[in-house]
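Take a look at the structure below.
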Amino acid sequence: MIVDYVVWIILLPLISFTIQIFFGKRLPRQGDWLPTSVMFVDLLLALIVAGKVFSAYDPDFRIARSFEWVVLGTTTIKFGLLIDNLTAVMLFIVTLVSSLVHLFSIGYMHGDPRYSRYFAYLSLFSFSMLGLVSVDNFLGIYMFWELVGVSSFLLIGFWFEKHSASNAAKKAFLVNRVGDVGMFIGILLIFAITHTFNFDEVFGKIASGEFAGALLTAAGILIFCGAVGKSAQFPLHVWLPDAMEGPTPVSALIHAATMVAAGVYLVGRTFVLYTETALLIIAGIGTITAFIAATIAVVQMDIKKVLAYSTISQLGYMIAALGVGGYNAGLFHLMTHAFFKALLFLGAGSVIHAMHHEQDMRQMGGLRHKLPITFVTFLIATMAISGVPGLSGFFSKDAILAAALGKAMETGTLYHYLIFATLIFTAGLTAFYMFRALFLTFYGTPRNQEKYDHAHESPSTMTIPLIALALFTVIGGYGSWFEELIRKPSLAMFSTGAAQEAAHAAAEGAAHGAHTIAMVLSILFAFAGIFIAALYYYWNKYSAEAVSEKFAALYRFLWNKWYFDELYQATAVRGTLLLSRAMGWFDLKVIDGIVNGTARMTTLLSFGSGTTDNRVVDGLVNWVARIVGWFGATLREIQTGKVQAYILMALGAFILLYVIQLAMV
Amino acid sequence: MMAVGLHHFLVLSALLFVLGLLAVITKKNAVTVLMGIELILNAANINFIAFSRYVDTDLDGQLFALFVIITAAAAAAVALAIVLNIYKQMRSVNLDEADTLAG
Amino acid sequence: MEALIQALQSQSAFFSQFSESLLALIFFVLFGLLFATVAAVCALVFVYLERKVSAHMQDRLGPMEVNTEIPVLKKIGHGWAQTLADAFKLLLKEDIIPDAADRRLHLIAPFILFAAVIAAFAVMPFGEKLVVSDMNIGVFFVLAITSFSVIGVILAGWASNNKWSLLGGMRSAAQIVSYEIPNGLVVLVIVMQVGSMRFNDIVIAQSGGILNWHVFQFFPLNLIAFIIAFLATLAEANRAPFDLPEAESELTAGFATEYSGFKWAIFYLSEYANMFLIGIFLSALFLGGWTSPFGSLFGGFFDQPGWQPIWIILKAVAIVFLQMWLRWTLPRLRVDQLMYTSWKVLTPFAFVAIFGVGLWMLL
Amino acid sequence: MNYFDLTFYVFAIGAVVSAGMMVFSRNLIYCAVGLLFALASVAGIYVLLGADFLAATQLMVYVGGIVALLLFGIMLSVKFTGVELRTGTLQMLPGLMIAAGLFLLLVRMVFRTEWAVNQPGEMLPTTSTIGKRIMTDLLIPFEIASILLLVALIGAAYMARRERT
C-alpha cells in the first residue's frame, strides 16, 4: 500500500517530464501548471506516506519490496524500494521544497524563452531525487545519482548563451565526475565482495563479519567520495559557487536544499559501512569544509555567492556530524537546513528579481521598506541559520555540536577536540557573515538609488512559498519525534544473532552530558557573531574597508577563495596541458631528431655504399632480379585483385589439403 | 529411399551452401554476390535447426539461427549501402570493375 | 490436417485405399481452391458494396440500371447485375502483354500478391472450431505471409516495363515496408496483453461482451493502438487516402497499368480479399472476434457456436465499410505526408502504446 | 513415403531449384526471384524441423525485408532504363569444379560422421521458450544484437543518403 504510493510519487514527475519536454510548448501557458500541480499532488502523497509511516511510531519501521531485474547466470540483480522513516522524511522535504520552488518559478522565470523546458528539467530533477531517496540498492542509487547530476548540469547551464553559465555547468559536471568515479569503484568493490547491490544484504554481510577490515574501510571511503563530489565537500567544493549561474530557484532547490544534501543522505543511508578510520576521515573533511567555506563567505559581495558558501559550510557541518557519530543530528540538520536555506535562496531570488537581476550587495541597501515580506522571511531564515535560540536551526546545530563534544569527551583524542573547537568557531563565523549579508541588503541607505526606486515586492506566487518555508523554519525544530524515529542504524539490526543494544546505550549517555556545555557555547558564539556584524554593518562603528586594508594579505587570500580554483588550474588543468605539451616537445625534438639523425646517417652511409653497389653488387643483383622478375610475372597472373578469385583459390587449396590428408591416412 | 532424417537436411544444406558459394564466386554483380551470401547463411541455419531438433534437443540451435538472421539483416543493410556508394563513385557495381586500388 | 486425414482413413474404406501423401496433396489443393473461391465471392460482394457506398456518399447516379429480363430478378433493381457484368467483362477481355514486358514475371506477379493474401486466410478464426490451422504463432504468421505482397507489387511494376508501373511499384513497396512497422508494433500491444499469438487465445480473452473487447481495455492506449492498426493496414492495402501507388491522376493506374483481363481481375480480387482479411484480422485482435457483443445477456443466446461466424463477418464487414467510407471522403496524401504519417506519427504513438501498456501491466 | 517426407521433398526440391535459378540466371531480377523462392522454401524446411517461430521470422525478415531491399538495390544501382538487367559471370568452370568438390567433401563428412542422433520428440511451440531464453541467459547477446541493428541502421542510412554539398 505505502509502496504503491511511493511508486506513484516517483513516477508522476517522470510522466510530467515526458509530456512537458515533448509537448510543453504547445500546452496552454507553456505547460507550467502541469509539473507544478503534479508536484503538489506529490507533496500530498508524500504527506500521506509520512502519515502512514509515522503513525507506526517505530524507529525500526521499514518496508522493502524488490523484484528480480536482471538474471545473469547465477547472479541475480534485484531492484526495489526501501521505505523507512528516513525515506519518508526525505520524500517530504524534497516534495515540499520542490513544489514551492515550482510555484516560485512561475513568477521568477516569467517570460523566459525556454520557459517550458525549464519546468521539464525541474520535473526530471524531482523524479531523480525522489528515486534516489527511495531505492534499496547501490546500483539504483548510482543511477539516480547520475540522473540528478544530469538535471543539475542542464539547469546550471540553463542560460547557456552566457559563457559563464555553460562553463559552470561543465565544471560542475566534471568535478562531480571525480567523486562519482570513486563512488562507482566503491560500488563495484562492494559487489565484487558481497555479490549483491542490496543495502540490507550488504549490511548483513558486514554484520556477519564476511566483509571487514581494510577493504571495508576502502569501500566506505570510496562511497564517501561520491558524497564529497555531490555535497561539495573539500576538496571538490569548487563547483558549487559557480553553479549559482543557474536560475535562482534552481539554486534553492538543487544547490541548497535537496541535491547537495544527497551526499549527506548517502552517508546516512550507508552508515554501517563506515569503520572508525573512515568516520574520522569523514569528520575531518566535513570540519575542514565547514571552516574554509565560512571564511570565504565572510568577504563575498555577491548575495548568492554568500549563500553558496554558507551552503557548503552547513553541508560540512552535516558531514562532520555523521563523522563523529551524530547520525541523528546530521540528518536533523539536513532537514532544517533544507527549509531555511531554500527560504534564503528564494528570498535572495525575490531580491534579485526586484533589483532587476542585480546580485551585488554593494548595489543594494535599505530594501526592508520596499520588500517587507521578503525581509521578514529572510530575517527569520538568517536567525535560524545563525543559531538564535527557538528557531529550527538552533536545535539542529546545537545537536551537532553536542555530538562533536560528546565524541571528543568519549574518545579524548586531540583530533576530536580540534573538530569541536573548529565547528564552534565556525558557528560564530556563520552568524557574522549571514547578518553581514542581511544588514548590507536590507538596512542602511540605498547605495543605488535608481535601482532602489524601481524595486517592488514580488507577486504572490513568489511570496507564498517564502511564507510557507518561513513557517517550517520556525516550527521545524520542535518536538522530539525526529530524535526518536531516526535512530542510528547499528550492525545488530542486520545480523541474525542476538541484538547488541548495550553499546548503543553507552554512547547516548556520554552525549547527554556534553549537551549543556555545547548549548551555552553555541549561543555565546552565535550572539558574538551577530554583535560583531552589527558593529561593522549596522551601527557602522568600525569600517570594514579599514580592516580589509589592514589585513590585506588575508583579505586577498579569502577574496580569492583560498586560491582553490587557481590551485586546480595550476595543477590539474595546467598539469594536463603541460604534460601534453611535454609529450609534443618530446615527439618533435627527441623522436623526430632521432629519426632525422638516422636518416642523415643513412644518407651518408648509403652514398658511400651506393658507389660500390652500383658497380660491384648490381651485376649480381640484376641477375637475381631477372629471375625474381620472371617468377613475379608468372605469379602475378594469380593475384588479380579480385576477391572472388581469392575465394576460389582458397577453397581450391582447402580441397587439395583435405584430399592430401585423406590420401595420407 | 530411406525416411527423411538428419542426413537429408544436412545434404540439402550442403547443396544450398555450395550454390550460394557458386554465386559468390562467379557472379559479377555485387548485389548477386550478396544474395549468395544470404543463401550461405540460410544453409548454415538449416544445419543449426536440424541439429537442434535431432542431436541437441533444447533450443540452442534455433536461438543461434535467430541471431544469424538478425546479423544477416544488419549485414544486408550495410552491404547494400556500400554497394550504392560504389555505384555512386564508379557508375557500376560489377566487382571486376572495382579495381581502382589494384596496381 | 494430418489428424484429419488419418481420421478419414480409419473411418472410411474409400479413403483408406489411397496413400496418405496423395490425400494430403489433394487436400492442399482443395483447401486452396476453397479459399480462392471464397475470396472471389467476397470480392464480388465488396465490389458491389463499394459501388453502392460511393454512389450514396457522392450522389453518383452510376450503375443503377444494369438488370435482366428474368421476371423475378428484375424486381430487385438497383443495378444488381452490374458486378456480374463486370466480372464477365474482365474474364472475356483480351489478355494484353506489352511487347517489352518480361512475360514470365508479368504472369507470376499478380499470383504472388493473390497467394499472399489467400494464405493468410488459413489462420483466420471464423469460429472457435472454424479455422483451418489454429497456429500458435497465428498473428505473426499473418504479418510474415502478407509481406510477400511487397514482392508481388515490385515485380508487377518492374515486369511491365513502364514508367508508371515501376514508380507505382516502388512507391507501394516503400509504403508497405514503412507501415509494417507501426502495424507490427501495435499487434505486439495485444500480444503482450494476452500472452499468446494464437488467434483463438486472443479472441477468448475478449469473451464476455462488448466491454471486454481489447479496444476498450487500458483506455486509451488500446484505442490508440486500434486506430494505428486501422490506418497502417489501410496503407498496406494501398487504399485511399493512402492509394498513391495507383494514383490515377499521377500514375494512371500504378503497378497495374499494363494489366488487363484476367490478370487485372486478380489484382482487383486481391485488393478486396485483402480488405476482408484486414477486417477479420482487426476484429479478432481488437473487436472481440467471433464472440458476441452481448455477453451473457439474452440468456447467452447469441453466445452459441452457430453465431460465431456471423459475428466476426459482421464486424469485418463493418470495418470494410469504414475503409470504403474513408476512401470516398478523404483526399489522397502526398508522398512526403505519407512517410511523415508513418514514421513521425504512427510509430511514436505505437511506442507510447507499447510502453504504456507494459508499464500498466507491471504496476 | 509419408506426409512428412513428401513435404520435405517438395520444399527441398523447391529450394534447390530456385537456388539454382538464382545462381545460373543472368537476369538480376530473376536472381532475386530465385532467392525469394529459395528462402521461402527454407522457411518451409524450418517448419518441418519444428521451428515455427523461426519460419515466420524467416519470412518476415528475408522476404519482407532483405529481398525487398535487394530489389531496391538492384533497381537503384543499375542503369536499367533501356538496358536489360543482366550480370555476367566470371570463372564459371573453375567455380563449378570447386563447388562440386566441396559438395562431395561435405556429403562425405555428413555420412561418415557418427551423429549422436536423439529420436526427436513431439513438436512443441517454441515461441515462449525462445522469448524466455532471450530475456534471461541470452540477455547480453540480445542487447548487443539490438545495438548492432541500431548501428547498422544509422550507418546504412548515413552511407546511402544523398550528399549535401
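Order as written gives the chain letters A, B, C and D; numbering starts at 1 within each chain.
Everything that follows uses one rule, which is that a contact is a pair of C-beta atoms (placed from the backbone, for glycine too) under 8 Å apart; a residue touches a chain by one contact, two chains touch by 3 or more.
These figures come from a predicted structure and were not determined experimentally.
Comparing the CA-atom centres of all chains against that of subunit C, the greatest distance is found for A. When the C-beta pairs in contact are tallied for B-D and for A-B, the bigger tally goes to B-D.
Averaged C-alpha coordinates give centres for subunit B and subunit D that are 6 Å from one another.
Per-chain Cα centroids separate subunit A from subunit B by 53 Å. The centroid of the Cα atoms in subunit B and the matching centroid in subunit C are 33 Å apart. Chain geometry summary: the mean Cα position of subunit C and that of subunit D are 28 Å apart. Residue numbers of subunit D whose C-beta contacts span two or more other chains: 1-2, 5, 53, 57-58, 65, 72, 90-91, 95, 98, 102. In subunit A, the residues that touch at least two other chains are 642, 644, 648, 651. Residue positions of subunit C in touch with at least two other chains are not found. Listing the residues of subunit C that touch subunit D in their complex gives 2, 5, 19-21, 24-25, 102, 105, 108, 135-137, 140-141, 143-145, 147-148, 150-151, 154-155, 158-159, 166, 170, 173, 177, 180, 197.
Interface residues of subunit D facing subunit A in the complex, by the touch rule stated above, are 90-91, 94-95, 98, 101-102, 105, 136-137, 139-140. Listing the residues of subunit B that touch subunit D in their complex gives 1, 3-12, 14-23, 25-32, 34-36, 38-39, 42, 45-46, 49-50, 52-55, 57, 59, 62-63, 65-67, 69-78, 80-85, 87, 91, 93-94, 96.
Residue ranges on subunit D touching subunit C, taken from their complex, read 1-3, 5-7, 27, 29-30, 33, 36, 40, 52-53, 56-60, 63-65, 67-68, 71-72, 75, 125, 127. Of all the residues in subunit A, the ones that touch subunit D in their complex are 70-73, 642, 644-645, 648, 651-652, 654-655, 658.
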